[in-house]
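Structure in structure tokens, see below.
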Amino acid sequence: MMAPLRFRGGGFTIQPKRHTGWIAGLAVIAIWQGASSAGWVSPIFLPSPAGIAQALADMALSGQLWRHLAASLKRIVAGFVLGGSAGLAIGLALGLLSHVRAAGLPIISALFPIPKIALLPLFILWFGIGEPSKVATIALGVFFPMAIATYSGVDQVPRTLIRMAQSFDVPALAIVGKVILPGALPGILAGVRISASIGLVLVVAAEMIGAEFGVGAYILTAGNLMRTEDLLAGVCLLSVLGITVGFAVSAAERRLLGWRQ
Amino acid sequence: MMAPLRFRGGGFTIQPKRHTGWIAGLAVIAIWQGASSAGWVSPIFLPSPAGIAQALADMALSGQLWRHLAASLKRIVAGFVLGGSAGLAIGLALGLLSHVRAAGLPIISALFPIPKIALLPLFILWFGIGEPSKVATIALGVFFPMAIATYSGVDQVPRTLIRMAQSFDVPALAIVGKVILPGALPGILAGVRISASIGLVLVVAAEMIGAEFGVGAYILTAGNLMRTEDLLAGVCLLSVLGITVGFAVSAAERRLLGWRQ
Amino acid sequence: EKTSLSVLKLASSGPVFLAQDLGHFAAEGLEVEFKFFAAAQPVAVAVVSGDAEFGVTGLTAGFYNLAGKGALKIIAGQSREQPGYKLSAYMVSNQAFAAGVRSPADFGGRSFAMTQVGSTFHYMIGLLAEKKGFDLSKNRLLALQSIPNMVSALQGGQADTAILPSTVAVPMMDRGDAKIVGWAGDETPWQLGALFTSPKMIDTKKATVERFVRAYKKGVAAYDLAFQKKGDQAATDKALDILARYTEQQKGAIAAGLPYIEPEARFSARDIAKQVAYWQAQGQADKSIEAKDIVVTTFVSSID
Amino acid sequence: MRLIVEGVGHRYGALEVLDGISLTVAEGEIVAVIGPSGCGKSTLLGILGGLLEPSAGRILTDGAPPAGCLNPFTYVFQDFALLPWRSVAGNVAFALEHHRLTAAERERRVAEVLATTGLADFADALPKQLSGGMRQRVGIARALAVTPAVLLLDEPLSALDAQTRELLIEEFLALWPRHRTTAVYVTHNLDEALRLADRVCVLSRRPGRVREIVAVDVPRPERDGARLASLRDRLWRLIQDEARAADRERQPEILDAGDHR
Amino acid sequence: MRLIVEGVGHRYGALEVLDGISLTVAEGEIVAVIGPSGCGKSTLLGILGGLLEPSAGRILTDGAPPAGCLNPFTYVFQDFALLPWRSVAGNVAFALEHHRLTAAERERRVAEVLATTGLADFADALPKQLSGGMRQRVGIARALAVTPAVLLLDEPLSALDAQTRELLIEEFLALWPRHRTTAVYVTHNLDEALRLADRVCVLSRRPGRVREIVAVDVPRPERDGARLASLRDRLWRLIQDEARAADRERQPEILDAGDHR
């Protein structure tokens, strides 16, 4: 009574589908364009992809695109450098020093959940209406996730590596530089990824108050003028900006964290 | 030539310091209050802790506090339920179905980095200035992190558990319910934590347009009126709200994920 | 000497534009840098935060809160709502108009769009409520943050009523998007705007303030001559050119909505005291504010 | 139940892992499979249990499963594969829940296997509260609960320390005479293989081929270090070179192509 | 160098882990330490190497370290403790970088130990590219590079599979006569202990006390299964009951009190 074996495995694995992604993306755009062209959706409520592309092209040709992008990028970079380096330093201190951790963590935990845009009016009072208040908002928004990511990155350095270094009489400062910092790098880069997206949100929010140029200001103006094409063109710009930053962080991870696994 | 052993370990461990946290927090407040009372910082730029406490007390006594809190909470909860359940469903589909993942992930990755406040003008156009546009903004902001957290939670379910269930002939639907969902719960709760903080940011942003009540509207009004005490009282409220949500998620994790480690 | 002024791109700022382009500032040895903002609030904040030394704009509750903490002093007058001057229009959405809101007296109990809590629009609806005897707390006040948001709310019928500047209101009426049912100047005249600076300026650079106010008064006089006395058509045309350039608006629109400005740049200290009292009663301004501490009458005298 | 493996081969994409494996496992027999790391032992076991479809060849069964058998081919996993959120009893019950059993019958089976494996006192414990050895006992109890026809064990003891391994081998040997289930036992450990198996199937390096099948002629109770020494030496000489070569092989980059092993 | 342990005890807070351990390790001797899980073996080793301060007793050394010794007490770790971001050569060099050595001398030492351990071809490989066995060879090479006086090995082979373990034991045995370093070798594996050690120190359950010290009188080259069988049985009987009890112990909740073990 010989019987073949019944197969009961399979499924529950994700098969990569090479082209589906592009096809789906194009299909969405095609249907949207079709509906717009057929007049089923009013262009005020939802402009057509072609309209948005046109708005983007106009913006690019008139040079406005670079002007807005440059203004936003300058703010993000400045805020990121300021807030990021402060976050890194404080995060390291939180990760390494018991007293700093005990004193600092409750304060940071209390301040972290405050949406930074709520503080914008205060920042305007402190730093004026110009660039400093915008940069400060972004810097503050970046500071907290960077500090938290850095200290938990330090926590995630395997203790056995530190013990190993101590067992070879490696001086404490060299342990920080050669073991803890590289070991915390995965955490730090994860923090960079989060901070970058927070920076993007905050630049939009900050530019909504009193900025002439910048993608956020452009979107706000477009919204005020009910120019939905321009509004969505600005939103596309933000999306591209976000994706680019994401790719950059991934590339950095590939380069710097190739040793993982 | 007997010699005792040289000790070379120690350090690099975080010692819990029971009281430092409270002391540090109180010290910061005391110094701040001292500087304010001594007149070193102008109350326009930075009101004193006592002033902020007074503003909070006034707000509580006049009943305004509950009114604003209730309005904000209602919006957050509605947005959270809508966006969260949609995110959960889509995240599960992304996690389980190859075709959905291949088609959906690029679209989600393109839309995720867009700061949702940039879409607020569009939502006002679509849903009006009332509650729906505010709830929609929060729901959209919550949707993406929930979908992404859910699908990566599904990815993190150990494959060996799924193989185990298959090897006992457990039906696919039961595998989803009894293995994949509980296994993805840590990821899902991490998503809830992130989404909650995003919801908090967005409720502030959304209430900045056309809301009579709500903590965000309160802060905005205080900012408009340049009443920095009130502004910081509102910010304190947000901080408390954020910390409370954080505690709630932690409590849920303790209850639901007690099996971890 | 270099100095700076925060200002809005509106016709009500006409005197400073004229003073600049007609060389009155230069004549006083001042090189004035204009800092333009989009709303009244930042204009005042800019003076507090040190971004600008002088400011000229509308008076809001936020302004009084800053001034009440000793950060700002009013040193001269600017625009006023005055009968016959079509500066701010009472507007009604088409839907509300159809439902019977036909005059400012019908505004009671209706939703009202404004920019911000404590804004000049907020004050004007308050004045109207006082005059017409309706209870403002029964109105839904929608703070929409920007004039374009107010326009779309009114257009879409999400707000029943609003007060809008004539430059916005008249084109809306012409397009049939909403109805103008009256003018604030006719119903409730008041001291709308002022020139101000920080107390520190008055203490440390009094001479500069004096020179600035002198030039400003010449600008006001030029404005008065060009638009209120209307003696000299050439001067009127030239002034209109200057305003059109600074405000980036059509000359016709500007001419139709010019505000009244007291010819000697005086202001009403009594009206300012009334405004402070109103905001205090509404709970929008701190109780500790004393109106007399806000105004300085050494440079320009009060009307009353 | 007899298990007949006929010319089974397997490849993962371009990687040939198994080639022409033929083997018959008699009713009640324990066959140990040894071979160097990466030679396809786990793959073979997956094919035997119907979780993987072989690229070539087939598996046949001969004879009826024992009375009360719910799951003819039942695994015991190297990493235990316990649901961490279920108690010991819950984990055992998991294998029974999807069969038509009365609640009483289910409880009886759970209680019985927990008693057999010495877990009766731990019925309510969570996996995290157990030592490695106890966890694997749960894995064994779960496998016994379904009264399997063929047990498939993939290095069941390799995650345990040497002393616990020793204890579990002794328990296996004590348990065996009671059930006499047919079993395929994959291991790296020659001692384990020699103490438990009737025959040892030695695989070559990848692609795995059957190099030799060695019968262990000493009756199980009489197997001790001295008696098995020469057989052990013979096996070790057989696999030594290949083990060394496998050890010196560079590990391939794990490409996360979206498929989760 | 001789190592003298005098009445060493240790407690972690309220938990007494070691009690009155006295032991002398002669120059050039290998002492194996065995005992049930959690009895304090790793703790003892940490104390021997100066990484942990004992709560009671003291450690003395007698005699000079060998010529060229850079780090008298040198560990080999169970989990290898390699810096994953450094190559094989870089990991070995890490132990030398903080000593006054010429670059040439450093390179000579690295090259020499890599050759000794058969790693010459892998100098540029990252740890992730190596099998477990090769990784531990790097750990051994690193330890040899500093010419230690006493090697402290904490279950160095327990993370490896049985065949690789066999290979490494053989290499140890071949390497030994060349260096004759004093060593303390912690293991769970009786066979390992019996094949490598001059004496086996058997610890009791927690708190660990010395139960018996057993000398292995057979010369190393002659040790094989048959000759060691009786000694093995004797040791197994000694620890069997305690191993069983340790196995059945409930694992304590790991409280993350901020201290990272």
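Going in written order, the chains are labelled A, B, C, D and E, and every chain counts its residues from 1.
In this text, contacts are C-beta pairs under 8 Å (C-beta built on N, C-alpha and C of every residue); 3 or more make two chains touch, one makes a residue touch a chain.
Keep in mind that this is a model prediction, so the values were computed, not measured.
Could you tell me the least number of steps, going only between chains that touch, from chain C to chain E?
Tracing touching chains, the least step count from chain C to chain E comes to 2.
So which has more C-beta pairs touching, B-E or B-D?
Higher C-beta contact count between the two pairs: B-D.
Taking all residue numbers at the chain D/chain E interface, are over half used by both copies (same) or under half (different)?
At the contact between chain D and chain E, which are copies of one sequence, the residues are largely the same (over half shared).
Could you work out how far the Cα centre of chain D sits from that of chain E, in whole Å?
From the centre of chain D to the centre of chain E is 31 Å.
So how far apart, in whole Å, are chain B and chain C when each is placed at the average of its C-alpha atoms?
41
Using mean CA coordinates as chain centres, what's the gap between chain C and chain D in Å?
Once rounded, the distance between the two centres reads 85 Å.
Centroid of chain A to centroid of chain E, CA atoms only: how many Å?
Between these chains, centre-to-centre, one finds 46 Å.
Can you tell me which residues of chain B touch two or more of the remaining chains?
Each of 8-9, 13-16, 44, 101, 124-125, 155, 159, 163, 166-167, 169, 220, 224, 226, 261 in chain B touches at least two other chains.
List, in ascending order, every residue of chain D touching at least 2 other chains.
Correct list: 46, 51, 73, 128, 258, 260.
Indicate the residues of chain C shared as contacts by at least two other chains.
45, 48, 149, 152 - these are the residues of chain C that touch more than one other chain.
Kindly provide every pair of chains that touch.
Result of the pairwise touch check is A-B, A-C, A-D, A-E, B-C, B-D, B-E, D-E.
Would you pull the chain B residues touching chain D in the complex into a rising list?
That would be residues 101, 155, 158-161, 163-171, 174, 178-179, 182, 258-261 of chain B.
Sort out for me which residues of chain E touch chain B in the complex.
4, 46, 48, 50-53, 58-64, 73, 254, 257-260
Which residues of chain E touch chain A once you look at their complex with the stated criterion?
Interface residues on chain E, with respect to chain A: 46, 49, 51, 71, 73-75, 77, 79, 81, 83-86, 94-95, 97-98, 126-128, 146, 258, 260-261.
Write out the stretch or stretches of chain E touching chain D in their complex.
36-37, 125, 128-131, 133-134, 158, 161-164, 166-167, 187-192, 224-226, 228-229, 232, 236, 239-240, 243-244, 246-251
Which of the residues in chain B come into contact with chain C in the complex?
Its residues touching chain C are 42-44, 124-125, 128-130, 208-212, 217, 220-221, 224-227.
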